[in-house]
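Letters A, B, C, D, E and F mark the chains as written, and numbering starts fresh at 1 in each.
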Amino acid sequence: MKLAVMINEGPYQHQSSDSAYNFVKAALDKGHEIFRIFFYHDGVNNATRLTIPPQDDRNVIERWSALSKEHNLDLVVCIAAAQRRGLLDENEAKRNGKTADNIVDGFRISGLGQLIEAGIQADRLVVFGD
Amino acid sequence: MKLAVMINEGPYQHQSSDSAYNFVKAALDKGHEIFRIFFYHDGVNNATRLTIPPQDDRNVIERWSALSKEHNLDLVVCIAAAQRRGLLDENEAKRNGKTADNIVDGFRISGLGQLIEAGIQADRLVVFGD
Amino acid sequence: MEGGEVKKFMYLNRKAPYGTIYALESLEVVLVAAAFDQDVSLAFVDDGVYQLAANQETTPTTGIGMKNFSPTYKALGDYDITKLYVEKESLEERGLTLDNLMALTYEDEDDDWAEKPSIHLVSREELAGVMDEQEVIFSF
Amino acid sequence: MEGGEVKKFMYLNRKAPYGTIYALESLEVVLVAAAFDQDVSLAFVDDGVYQLAANQETTPTTGIGMKNFSPTYKALGDYDITKLYVEKESLEERGLTLDNLMALTYEDEDDDWAEKPSIHLVSREELAGVMDEQEVIFSF
Amino acid sequence: MAILHTVNKSPFEKNALESCLNLSKAGSAVLLFEDGVYAATKGTVWAAKVTAAMSDKKVYVMTPDLAARGMKADNVIDGIEMVDYAGFVDLVTEYSATQAWL
Amino acid sequence: MAILHTVNKSPFEKNALESCLNLSKAGSAVLLFEDGVYAATKGTVWAAKVTAAMSDKKVYVMTPDLAARGMKADNVIDGIEMVDYAGFVDLVTEYSATQAWL
């Protein structure tokens, strides 16, 4: 089946991103297609490449980034939510005169239409939040 | 009186940072001393200089940064919480081999001892969270 | 999306405005969704009913200093988003009636552009029925 | 902080572990606070009592993949943090007794290093009294 | 030596107010702000409990938060005192400590 | 055409489970995960309400979340089915839509 996932909370503060990761991994193991994972609200904070988590804990961002590479996942960060919270890719940073960018490999920034499209195209939408 | 403030949530997702700002401003207007404002948990996200909020809404980060300059406030971001969530100053970025930093002027990164010290030194501690 | 499938989309709103951003960012999704020609419903349950409260006021000087986004709900009718279900029991528990909410309307093009209410007061039982028919549910 | 003032510090824990990070990061504050020689109490109320549950298990393969930080509570005694107040009513509402919690102890240097429990089961009434005496209260 | 308790969540959504009322002593104060202000409004299923608490505690509500949520003095339970951020600061200094029910 | 409802919050802390039970139809399913798993444990003040819901709904609980919180099969109310993440995926595909009670 074609599954879409929405994640509403950032890494570490809430379990949402962890639960979503475990769900997505299990779905891939079963041969389902992950149509898209959409990061909304504080969920956009899952895309920063600047985290340095404690060595004895999981690395939430790296895990997503690696899974994306392995399975060619479409990880989409909402541009409006990201701008509010300080998540930028190189283009956005340049366009807005910001002196740094912080998006990790494997994520792309796009609009809310991508979420609606995921709802239309996927057979199921599963939302993880607070 | 000497007041200390702790902020546990990031900008925009929760009202905590807004309420704390309005509280601190009112306290300064009344002539109280703000001993320190300590940003913990997702509160560390208040220190990013990469946000681009909508033009018709308040700029939470700029507001703190400006107030800090005007009143010489001590805005402290917890280093452990910040590392988990991807908030870094130039030194931290260099030391950890990260390719960018994102702390805005007016905030400094330090340890949890600064929170305890604030509890000891200030006459009152007020906590804003979720 | 012409010629595409039309799905039943529901936006579930259970949280109060301002204390958290979910209400505002949910509304931003709904506005974008309007362009996709799906069968859109909004549910306002629990503290979600407070999102529709009339007379919301925020100012930078004496107020909370956040953006008052409540006028945007009034635009939903123009985007053909006309099914806003408000749970009666949630209103009652909060001492509210429809009179405490904004008057949201749309012009019905199938009825000579008559102005009609977008807010539908439904019982818990009725809302459960509406929810049960949905194909895609967005929660915030 | 020698010669300094000693204040009554309370750490208020009302949230369950793992679902959110507050329990873990609260514990990190408490460990740092131990070095400051203040009069430290911890309150576990509502879902906060779940933080002390025995037998917590997380693994990356079959578990939730988050760090199991519950062993850290067992170190509190070594840091002279020995006043962990657990509200009786909160336990009861959750069908729990002290037997469901980790056995946390400390060695009392004033009593020939006798091993004593750090967890103090208190009634709501008693806990309200303890809270009322605090000078600095950290909430998470 | 009385404590100022702050509650920023709706009593319908979270158990913060209930715990606060259960664990605060007579003579203490409760400030309702952010989504907590709904507890100060008339006619809700929580109104009786809040009114009862006023028998031995002072209850305050943040006016700017009420206004944002479409509420005015008319909507507030009799006996609850309305304050702004300056009033919040005064409460913090008047009471011996502040306890946030997050 | 039945819905899978997911609840990830403790019933003691938030009203998500209560609303979910009020608004879910007979024949639907409820999955308790993250802090929601406490609702699946025996002896709580919520146990009766959850048991009653099982008269016309299936209730599932996430085993890895139980384990993290120190709970095992022994602690789970009779009749609630334990699932892992693979089971979660199966539920999502078996039911016609998923509704998260955040």
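Just so we're on the same page, a residue touches a chain if its C-beta (ideal position, glycine included) is under 8 Å from a C-beta of that chain, and two chains touch if they have at least 3 such contacts.
Predicted model, so just to flag it, every value in this text is computed and none were measured.
Counting hops only between chains that touch, subunit C reaches subunit D in a minimum of 2. Chains touching both subunit C and subunit F: A, E. Ranked by the number of C-beta pairs in contact, the top chain pair here is A-B. The chain with its C-alpha centre at the largest distance from the centre of subunit B is F. Separating the CA-averaged centres of subunit D and subunit F is a span of 28 Å. Centre to centre, using the average C-alpha position, subunit A and subunit F are separated by 26 Å. One inter-chain figure worth recording: subunit B and subunit F are separated by 38 Å, centre to centre, where each centre is the mean of the chain's CA atoms.
For subunit D, residues touching at least two other chains, in rising order: 14-15, 18-22, 46, 64, 66, 136-137, 139-140. Residue positions of subunit B touching 2 or more other chains: 8, 12-13, 15, 19, 22, 41, 54, 80, 125, 127, 129-130. With touch defined as above, residues shared between interfaces to two or more other chains in subunit E number as follows: 8-9, 12-13, 15, 34-35, 64, 84, 97-98, 100, 102. Chains touching one another, given as pairs, are A-B, A-C, A-D, A-F, B-C, B-D, B-E, C-E, C-F, D-E, D-F, E-F. Across the complex, subunit E is touched by residues 12, 14-15, 22, 45-46, 89, 124, 127-129, 131-137, 139-140 of subunit D.
In the complex of the two chains, the subunit C residues touching subunit B come out as 18-21, 60, 64-67. Residue ranges on subunit B touching subunit D, taken from their complex, read 6, 8, 40-41, 80-81, 111-113, 115-117, 119-120, 125, 127, 129.
Those residues of subunit C that touch subunit A in the complex are listed here as 1, 4-5, 7, 9, 21-22, 25, 28-29, 32-33, 35-36, 38, 136-140. For subunit F in complex with subunit A, the residues that touch the partner chain are 6, 8-9, 33-35, 64, 84-86, 88-90, 92-93, 97-98, 100, 102.
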